[in-house]
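The structure is given below, and queries will be raised subsequently.
Labels A, B, C, D, E and F are assigned to the chains in the order they are written; within every chain, residues are numbered from 1.
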């Protein structure tokens, strides 16, 4: 039995439960369990990546009910990648939160574990409605984490985030309903089969369902015009949470990729390529506007938020090509941007705390106390996020450019990617030179305000540096990773592999 | 012994009622129904005992049955009267608030009285004064407020007092 | 292997320099110089084979999918550049050690410098062009750090940003060009690319590729119109200028031209673009240099001009010109580095770099004067110095340049005029600083610096002289080896001698020297003239303006789009959804299905009408919130009827219980929130919203209609068949689906409930509340006796019913969720009747724990299957029979359902008790409340 | 019957959307509640209409007579999740009102 | 005969609900509206019972019981809200 | 046949009372009067219907179908409480009676 396929979901669930039962009032226990769970997720995720690297698809029939009747977990390269990534990012966010954040309220560790379980469930399930359920777990955890501090800014942002996503959930249900109404199934593999067999009389209906679903996922992955909520929300959350959020949008990307290749791919009969034509233009504009926002941001965290938008635009542009190299390059870019931005969010927190009352506002303020080391990390992180060499972002963009070369829109894609790279360069050099070069000495005689004059401890640097090391490793091992992404992309473009793994040779 | 009985079976009558309700709900006399029902009927009063410290004891069963019969009759008859009142021209109605002085002391019995008044013809118990001495009753139609007060006291309060106190 | 080490050593130097942070200046210098020396030695060890014409290639796979390898290559050209980088690097380290002020954290400076050195070595020694592009960008980044090193000066910050932006931009373009190049050739290895010249030049993508690559080269080498960043980069400490802006980084551009010369040159496009830009830059920058008063600015423009010269040489596209280009690269590196260092010495010793202020330093700084004189002479192209040789060869090439058949005089003329100005500014540099009296007082009285600082300059000048006097025995082998890498096939004949006889180029040289001196004598008039006609806008200013404009526009656009209005985001979402839903129907048409319609009846119509009215009433009364809540309850009630009618009793039960708890929640909220809502939408906005709402509703209805009228073919038959014994074990199929077939969803749903409860608890406990208290209570019986009395028996009664509903769920409508909600309602009744404190005292239950335990039970129920190696949530554990109660699957589903029920009770009670609890603690302030209730009213 | 259901969904959905687009948290919550109801009805209708055929197996009734139970299970889960979300957003709006002093959805940041 | 009675009954109950809704919308006071809502709950119980009779299926008992319960709780909560401004304390 | 008649009669009686209750709710002129009608009329209405249902299903299934009694029990327990609470709310809200007066005597 492939019980381990369920582990990335059960492990965080169990540790969430135990954290509340065994770890009540004992922070060390809660921390230990949280870390253990994250490490476990990483281990399982890594094993999953290794197992799927040749394109094998594994399934696990929950409740012992065969697909499409029961809910089935499906593990392919794409889900494995996201599970592993989730483990990594959550581990470092947790480490960072242990410095000060996790003692503020009771349930921080609980929420984090639920968040991880939600993400893993969403990427592992092979059932459209389970996807909804786990999206909701993921979202509710994120709502909780967002408003965790209960301050004005996060509550305001929380209202927007929650209401928008609740409306999104309604749309999700409508989309699921429509697709069920037409196909009579909820299992994605089964749906793929049934969609391909639909008659012409259902063409409009099934396509409407596909597009509605896409809109929902576009909202989650913050693609134009549904990205406007993101910068404010992410910049309002506390640092480790914002860093963890960097992965939430990727689940949206995951979902788009999954349904657009599996259910609505080129072999989907009347629904063939229902999503395909829209993704590339939207993603391109998203990248442009996201980077414009980053350029015009007045706060460092908000800038990070826009950079997330831009990075989402970038990877969906690549995936929107719907070619093997396109999807592969997008897949390669995905973990890179997640880790890099998570790191920058943590770093922005460290920087902001040392700048006195101006925090991360991009105006002249106190020079950060540890400007040397912070500046160094910022420099490296900025390079990574902007997609400059020598880090994986550059490799990712390089690949995306290569992948788009055969596409008819190559000129636009290239122009946008190159010009936004320059914009990122300008944005970062402005922000960096302002913070680390233009800072003023804190006025003498005035007692240091808050902890602005306290340097960060080594333990606070640990997660930041850890994420940085991840980026370096991801760059160094780009070869095997790229191969993995290629195999995964091939698999995605050959939905029959997935379908056969789920449904066997039934049909 | 009493301690244990108090804990396990604080309200035997109530437990019995619950058991009957359980059986009614299941419409079955199957052994598992009876068994689980008994369990629930024993368990729930014990569980909720804290919420309900004052037990109510029926002193005169005969009176209770008689009272219930009268009450059912009242409901049926009075409902017809009310129906007529409603269907007739509503301008003719002479509603009034009655202040009914009560001598009952047990709050549960007062509540039963209030319920009876409300279920009974043309009257609704509107408010109980803070000192629990006066029940404000709204009457849909009366020509004689004093008479109505008397009727309530005599037809409902008195028997209740006999039954429970 | 040595190659690998050569490239890696500087990066090790970075780490060493960083590590030396606390050990002082000397340690930092050693950390930088040590690896450089070793690398230099290693490079020298390669010299014999390289000079013999060998090409050393080392290739390690990196990302095969991208065609990116870690491939290094040492050939003549690479060797020459590596030599420059390491050799001049050593001198610069030495120079910087003395130049940089004592207070500077030298480790930082050297770590940046080594980073740059490593990247630069990477560029010149890459075999894979993508790798080269990668290193290329790192040179831009590290130069950003170096230029901005004196970060407290705003000019330094500006200069650094400008350099980064321009060279970074160029880097991206180069990178794009190289990607295309690789695609054309089918390989990113230089060996392959250099061998595919014809294929490349003839390819459709040649021109765009060429333009992209050239933008990379031109930005790096500061060619017009990208030249302006270089003068602005002069804010860097002088050692940086000496290294980056004379010998290395700016040479990367011309290096690239040389590197790709065999592959890309040969077309008209190449000639006009490269040659044209080179000549224009050479002329223009020489002219501008003459008018600069800042020593380093003068040198910067001079550098631009010389780079233009080199660019032009490569642009001519002939083998001969290319060789001369290489030669001038070497020469320029030597004399320009020496001159920058000299300028640094002058600045360092006198405190100014303004030629107008400087003056008469020949006595105070004799050694410096001699070195500057020789360096400038080399720059001006005076015989017996290296500059003369390459310049004369250049002039010769202008005479024979191809493709100038129509106007053969143009190139020589431009070259000569440029040379005139070159001579003029060289004279100015020496005369203005060392001989002419200065206007105004220098900050410091200068004198010669220590020998340690002069030594590197002296070495460079010595090279200039030695090469100038005896080129055949010094530069020739190196040049030959380097040229071999740039030229396809045999090297052309060229002669590195001082005297070629009376030739045209000698005449041009003479004109240049004489003209230059003449121009210099006319300088007062020319400055005056230039002052009057000088364009107000420089490239730098235009660039800054542009960046400001873009940033400003970005900020404005962003602020306009992301205006913080949720309504906008929601409308966007809904419009998007509308478009998504409508587009297919517009494309393919809307059609009802063939299914026969279900007959309707008056009751259904009545309920429908009620529902519609109640929904509309909720909207119409939404400003009077309590009324709206009541209307919403009606909707909830009616929808339950609809569910009953549509054969969904379980849904009706759930909807009913949820509805009532929702109403409780809303009432609790209403206690805190304002009781009414103001009118604030404009008519226009309302119109828009109504349109969106109407279309949205219609859309949902339309899809529903379309689906309902179609025949169905769903997987549900399976559930109906298998729900009952022996497989699913129940008769209520919906419940069996929930706890068995799709238990995973239900499991997730439990998680959601627990999450909500915990989140609400957190929010209410930790939100930074300023509490408001309840309405002062006038009622004399706070807890109405009648209600209290009724609630007591009702508690047990409703709990009994909850158990009943819970247990029956598998067979009839009901189940854990509804049972849990009913139990919650029983408990809430106690809150309602007797107050939260009274009730909590009697319950003494931590409902959060109840919720988690429910979750745990559900988890356990699902996990029991593991024992039998069955998947999670397997309920039918075959072969297991639990005594008394029955089959194992029934027990498991019951346990699972119990978990759900407990989670529901725990969560619901947590939510409600926390909400009610909150209202107890609040101090009350009527005025505050009134103010808060509506801050929007004027 | 189908027309009644579809039009009821349309009205409920439209009303919900209109309220969701208003500017006060409480009103938006009301709208979300209506919208959730509309969605649930919508989902239920995806199993087609079959009054009087509740999927509670009784002897003597053919399996094909029962209405599709799957949408019901889906709606049930959706109702529960919607309830949790509703509770959350209610408390969120209260907290936000406490902290920002207004129940405007934009927390006073945005004025028209 | 029974089915005629049931159908008639269903129609009357619908009429009742309509009347209730009229009162609910007319108000004029909030207690009036609550009262109307309470009545609607009870009438709904009747409606559902009749519907069960008509289908001859006894699966609506739980629904009817629950409506009665929830109607009561809702009414009490709404009344409490009016009485105390809040519903529980 | 007799059972049919009884059931039909009970149904008709039930809905009649319910109808009268609802009619009263619309027709009567002040809140306090309106509280009376539904409380009583509807309970009796439901009572009749439930008895009808009990008889019907008992005959239909051949086993006693008695659980409807629970609903009656429940309604009889709660209806007076609801009415009481509504009355209190009305008094608290200082609703005017049919004569335009506010009942002050016992406050709320």
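Going forward, a residue touches a chain if its C-beta (ideal position, glycine included) is under 8 Å from a C-beta of that chain, and two chains touch if they have at least 3 such contacts.
It should be emphasised that the depicted structure is a prediction, and the values quoted were computed from it without experimental measurement.
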Request  = Could you name all chains that are in contact with chain C and with chain F at the same time?
outcome  = B, E
Lowest number of touching-chain links that must be crossed from chain A to chain E = 2
Between A-D and D-E, the pair with more C-beta contacts = A-D
Relative to chain C, chain with the most remote C-alpha centre = B
Remark   = The distance between the C-alpha centres of chain B and chain F, rounded to whole Å, is 16
Query = When the C-alpha atoms of chain B and chain E are each averaged to a single point, how far apart are the two points in Å?
reply = 22
Key: chain D-chain F separation of Cα centroids, rounded to whole Å   = 31
Inquiry  = Using the touch definition from the top, which residues of chain F touch two or more other chains?
reply    = 23, 35, 43, 65, 67, 70, 74, 77-81, 84-85, 88, 90, 92, 107-108
Ask   = What are the residue numbers in chain E that touch two or more other chains?
value = 15, 17, 30, 34, 59, 65, 69, 76, 78, 80, 83
Note = Multi-chain contacts in chain A, i.e. residues touching at least two other chains, fall at 129, 133, 136, 140, 143, 147, 150-152, 155, 159-160, 163, 167, 174, 177-178, 180-181, 186
Key: All chain pairs that touch each other   = A-C, A-D, B-C, B-F, C-D, C-E, C-F, D-E, E-F
Note = chain D contacts chain C in the complex at 1-27, 29-30, 33-34, 37-42, 44-58, 63-64, 66-70, 72-77, 79-88, 90-95, 97-99, 101-106, 108-110, 112
Request  = Can you check the complex and tell me which residues of chain C touch chain A?
outcome  = 61-68, 105, 108, 130, 133-138, 141, 144-145, 148, 151-152, 154, 156-157, 160-161, 164-165, 168-169, 172-173, 175-176, 179-180, 183, 547, 550-559, 561-562, 564, 566, 568-570, 572-574, 576-577, 580-585, 587-591, 593, 700, 703, 706-708, 710, 712-716, 718-719, 722, 740-745, 748-749, 751-752, 755-756, 758-759, 761-763, 765-768, 848-849, 852-853, 855-856, 859, 863, 865-866, 869-876
Task = Under the touch definition given earlier, write down the residues of chain F that touch chain E in their complex.
result = 4-5, 7-9, 11-12, 14-16, 18-19, 21-23, 25-26, 31, 34-35, 38, 42-43, 45-46, 49-50, 52-53, 56-57, 60-61, 65, 67-68, 70-71, 74-75, 78-79, 81-82, 85-86, 88-90, 92-93, 95, 108
Key: chain D to chain E touching residues, read off their complex   = 52, 54, 56, 58
Ask   = Tell me, which parts of chain C touch chain F in their complex?
value = 778-780, 784, 786-787, 790, 793-794, 797, 801
